[in-house]
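Here the structure is laid out as structure tokens; the discussion comes afterwards.
Labels run A, B, C and D following the written order; every chain starts at residue 1.
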Amino acid sequence: MSVLLSIEKVSKSFGGIWALRDVTFDVHEGDIVGLVGPNGAGKTTLLKICMNLLRPSHGFIKYKGLKITGLSPHKTCKLGISMTNQIPRPFKRMNCFENVLVGCLFGAGLKRNEAEREAETILEKVFLSQKKYTIAGELTVFEQKLLDLAIALSTAPKFLMLDEPLAGSTEKEVAQLVSIIKKLRDEGTTILWVEHVLSEVIENCDQMIVLNEGKKILEGKPQEIVNDTRFIEAYVGEENA
Amino acid sequence: MRLKSKSIMFSIVFMFFIIVIPWILQGYPLLFLLQLAINIAFAQSWNLGFSYAGLLSLGHALFAGISGYVTVVICNMGIPIYISILIGAFTSMLFAVVVSPLLMRLRAIYFAIGTLILCNAFQYWFMHWTEAGRALGLRLRMYPEYSLSNCYYLAWIVAFIATVLPWIIVKSKLGLAALSVRDDVDRSEAIGVPTLLVKTIIFAISAFIAGLVGGVRVAYLLIIEPTLAFSFEQSLWATLAVVLGGTGTLIGPILGAAVITSLQYALMNIPELSMLITGVMLILIILFLPRGLISIVKKILQPLRKPNTHARPPQRDQGTIKVLSNHKFPFSDCSESAVKDVCSFEH
Amino acid sequence: MSPSFLLQLLINGILLGGLYALLGSGLSLCFGVMKFFNILHGSFTLLSCYFIYSIFTSTGLDPIIASVILIPAYFFVGFCLRRYLIGRLATLDAVLIVGFSLTTVLRNIVLLIWGARPRGVYTSYSMLAFDVLGGVRISFIYLLCFIISLVGLFSLHLVLKKTFLGIAIRAVAQDPEMSSAFGVNPSLIKDLTFGISLSFIALTGGLMSTIYSFDPTLEIVFLTKAICVVVLGGLGSVLGTIVGGVVLGLAECFAGIAGAQYQAFVGTVIFLIIVLIKPKGFFGLYVE
Amino acid sequence: MRFNLSGKAFTKVQAVVVAIIIISALIGGVAYYVSRSGPSKLAPDYILIGATVDLTGPNAFVESIFLYAWKWAVEKVNEHGGVYVKEYGKKIPLKLIYYDDASDVSKVVSNMETLVLKDNVLCLLGKTGPLAATATVPIAEKYRIPTFGLAYYPDETVMNSKYYWSRPFESYEQHSSVIFRAINDLGLTTNRKVAILIMEDPLTAKFFNYYKNAAEQYGFDVVYIEPFTILTSDYTVMITSMKERSADILVFLGIAPDATTFWRQCKVLNYRPKIALIVLGARTYGWIESMGKDGEYVCTLDFWHPTYPYKVIKYGATCQELAEDYEKDTGEKWDSSLGESADCIFIFADAIEKAGCLDREKVNEAMMHIEGEYLCGYLKFIDRHLPIPDVLMQWQGGEKRVVWAPPDVPVPVDASIVFPLPPWD
């Protein structure tokens, strides 16, 4: 499979503290790549850099062989890159349908009536059709999470970054989310999945990357990594995966 | 659907009255309505920027002022007043586009302070600009169409434009994008909305309407001078009208402007206390009616409306002010939104 | 342009800057901790001037002592104002509008009580001046105000850095939600901060009343000067406020060389440049 | 338009309370309007005089004094039954209607239009400040209503307006020479160096010329002349320059906060002119209050003093009485704008009586032929202008005293001029 996105020696410092140091890896088309690591490992920072919401101190990102670092986020989005947020960030004073419609119109660049149809499809995909006209701020936290995912999907992404989608969800909700993610993979979306809860990632991803203190410490098939001592070290006292 | 047709009917009846009034009444009532129209239009202009793109501008008078000066200069060259006002408004719009790249870097309260200071700087500049008449400003020639009823019609046309233009925008793709920008700039940027462009366009349209207001005001006052043109209080009265009426709606600013204008006229006869009473009343209204006067209207209209879930989405804004007396978190921070706005400040 | 003349300007600028720094400190604190643009700043400063005036004319109490007495009262007023009025408003625009309405109310109260006549406080030392080296002269009252300002600002700095309250204030400034998790009540801390901010206003008003003659229109001047200082120095930093104040003071004094008519404007110009180029000022927030 | 119905942030009681407040305000306004409109054609109860006053804005101090004097004068006229109007064959009392404008031009205009359109006043009392003059002239012209402006503004369109009487009392052109004439009367040949500081204001350029011309005309030498902005905080550069050029006579034109800061810095920098004229800034008793003994011996330019011997015999008004009443009613010291403000009403009353009817055009015509003794002196319109006596006043012993008056003016000079000023402390 061809390389869709490659991260080339990306470093990022915040006022002298290195959040990321020389991180390099590739994401292959059609894969689900799991990105794991303890708190403060720099996972979210990396996603923001991929989205061009942050500018790396060194290094760059290549997408389909082209350097995209330095583009504005909305142009990045139009290339087919999209992300969800750890804390859901829907547009709180708009209703669900409008929330998704914005992305369909601008991110995916659809015509008005096409966009409306697409928005409905997406809402259905994330089980929010019933809440079409509910104001986003009035949804439950989990519904907001779903909506956040829907917004990310509305831009018709080829490469989707999920920032801890499962954090704080009940088992039933986890199952619901995982089913959506699987469906997306089947549709051919490449996914970079940042997660704290390891079990689901290990079960579902094709490739796994471990970050610790801003550095990539491991890369490989999930089963190999789980047994690696360095991985266990990084997670000691953190998680009993 | 029924309510929609009702409000259209209501609007038509309202417009009919507005057109007919000068044939029946003369003098003072016209003066009041003229002032009302100007206030409505200015409030709508500010509302467009604030409620639909989150631009809390405290220097909105700047655009009315610039347009006012341009209108005077153009009209004094012998060009009809109507064209002068349009040229003035377009100049304001252009100016808004020019300053946008600088101002749009600032967010929330920083944007507010930035606009405020820009407006102040212009006031100072015009105070010392000899060609602009320094502190004395410029006088408009007595143009042939000048009469109270003509000014009245002009003001209402502008008020009409100021109400319809946001209405059209909100229904459009641009409006949707602007709303998303208002709610979360970074997120909307991340899903493909060119936020800078959207903000600039909304700001420019808002400036255009403010420009029309400035033009009409000078057409009626016949004079423009720096303290009037770039007055901080003017900007704040617009804010006041919108917040009082209810943000994010089209009726809100109209209600707010109506209340403020009536207050001004009703309290005219106790000049020593008028401002004091106005101030106290405004505080009370905001405390007890945090969603603005629009919530009273809604309350009154409630029995008229049948629940229908299949219609279009409800009015998208709930009004923004909440009293947090029964907030669910005991330690909660009361100006969370403000904190977030500031914390997400851009370099 | 002799060296002593330049030195004179320098000294005047720095002394003036101390006063400006004190004027800005209250606003800076408000902004840094509460992210709250206190539009009432000017009104309260002016009100303080008037209170000092009344105390001085009725009892003959020294204005600076009077302003120290006024501090607890202002603290209490600020605490209550934040707790029962401003703290109850959720959004920026509501706070702004209530602030504006209160400004109007306060201005009219001043007009009703004291009228519109310019007032002033004359003390035995308000016109004292003495020579220092090379023919440079220093005004006693400016020097006194400068020292009091520095003492005030330094104690604010100490409170913020050393005491539990200060740490709590900084924590709230940084992250209100997180601080509540550590047992700090952000709402209470903000009420206290507003009280402290108003205490500084009381002190500023006291010093201002001995230097300027004042009338009800001066509130907007106080407010714009304070905004200038705060934005020059960076919102919410004590050191920044001092730097902002001194820069403004020096700029105003030295602008006189170019022409007296530029003096009042130079602050706005610097301000505009700073806002547009480096919107966080010379120094950032407490958090940084 | 759709209405969202999720409003639940307020209770019915609150809604009702607010609704009642608003509705009562609206009804009150309308009711007032209805009750006021439609003045009867036959012998009105009052002759209405309208005024727009700044009670809450930057000019509140000056204009509240105007207002007091107007009210006082109206009362004086009404004590004598009012103004005799020939048309109705009886005396009709005056009534003053005034609105607050906070010096906001749009409010000035709307107040004036309201006064004309709603209250149907016979004549208008204008505003202070040149700006207000330019805003009021179009209204005076449009409604052909006699308007007595209190703004001194020597502009063609303002001066030549048929209906707007622009501050007829004062002429800074004429008064700017007072200080120089007073010094010349001392018979000195030295001390000819003049420094002039004038605040930035629409009239700055004109004032520059007046003072410069006056100085040159009376044989003085202007060594330093500089404009400054209102609320300048540091005058070191200016004071140092004046010191270097050893200016003997200082003319400072600025508002009170500026004047106090300036004078204080003069002391700090040890600059003591031989004589100082502080226009505007040192006018009020606030000057002595904030400057104490250091404010002594500063000269001011005023045009009225309670010791003036003039009176309006017809209505039994004297200068002494006006000042005393003012001090009694407000608890403030007298102010020199009382005299001319009260005169506005007396002049209007006389013009109405001369016209013999309540017709704006005729009253305006009659204004032209006003002549007689008023509180400010013996006044007569010459070229739309009422010259009043020039006097020079100086602060002495905490009081403002007349120290110089032209020989032909019967104003009592009750103190001699202190010249040169004693050194600081």
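General observations
Assume contacts are C-beta pairs under 8 Å (C-beta built on N, C-alpha and C of every residue); 3 or more make two chains touch, one makes a residue touch a chain.
Since the model is a prediction, treat every value here as computed from it, not as a measurement.
Least step count on the touch graph, chain C to chain D: 1. Touching chain B and chain D together: C. When chain centres are defined as mean Cα coordinates, D lies farthest from chain A.
Pairs A-B and B-C differ in how many C-beta pairs touch across them, and the larger number is found at B-C. Each chain gets a centre from the mean of its Cα atoms; for chain A and chain B, those two points are 40 Å apart.
Chain geometry summary: the mean Cα position of chain A and that of chain D are 72 Å apart. Here the CA centre of chain B is 32 Å from the CA centre of chain C. Chain centres here are Cα averages; for chain A and chain C they lie 47 Å apart.
For chain C, the set of residues that touch two or more other chains comprises 107-108, 261, 265. The residues of chain D that reach two or more other chains are 55-56, 200, listed in rising order.
Taken pair by pair, the chains that touch are A-B, B-C, B-D, C-D.
Here chain D touches chain C in the complex through residues 55-58, 60-61, 64, 197, 200, 226-238, 240, 255-257, 259-261, 264-265, 267-270, 284-287, 289-292, 294, 330, 332, going by the rule given at the top.
Chain contact summary for the complex, chain D toward chain B: residues 1-7, 9-10, 12, 14-15, 17-19, 21-22, 25-26, 28-29, 32-33, 37, 53, 55-56, 98-100, 102-106, 109-111, 113-114, 117-118, 130-131, 134-135, 138, 157, 200-202. Chain contact summary for the complex, chain B toward chain D: residues 3-4, 7, 27-28, 31, 35, 127-128, 134-137, 139, 142, 217, 220-223, 225, 227-228, 231, 233, 250-251, 259, 262-263, 265-269, 271-272, 274-275, 281, 284-285, 288-291, 293, 295-299, 301-302, 305, 311-312, 314-315, 317-319, 322-323.
Interface residues of chain A facing chain B in the complex, by the touch rule stated above, are 51, 53, 72-74, 77-78, 82-83, 85, 89-95, 97-99, 101-103, 105-109, 112, 132-133, 135, 151-152, 154-155.
Of all residues in chain C, only 5, 8-9, 12-13, 16, 107-108, 111, 115-122, 126-127, 129, 137-139, 142, 211-218, 221, 249, 252-253, 256-257, 259-265 touch chain D in the complex they form.
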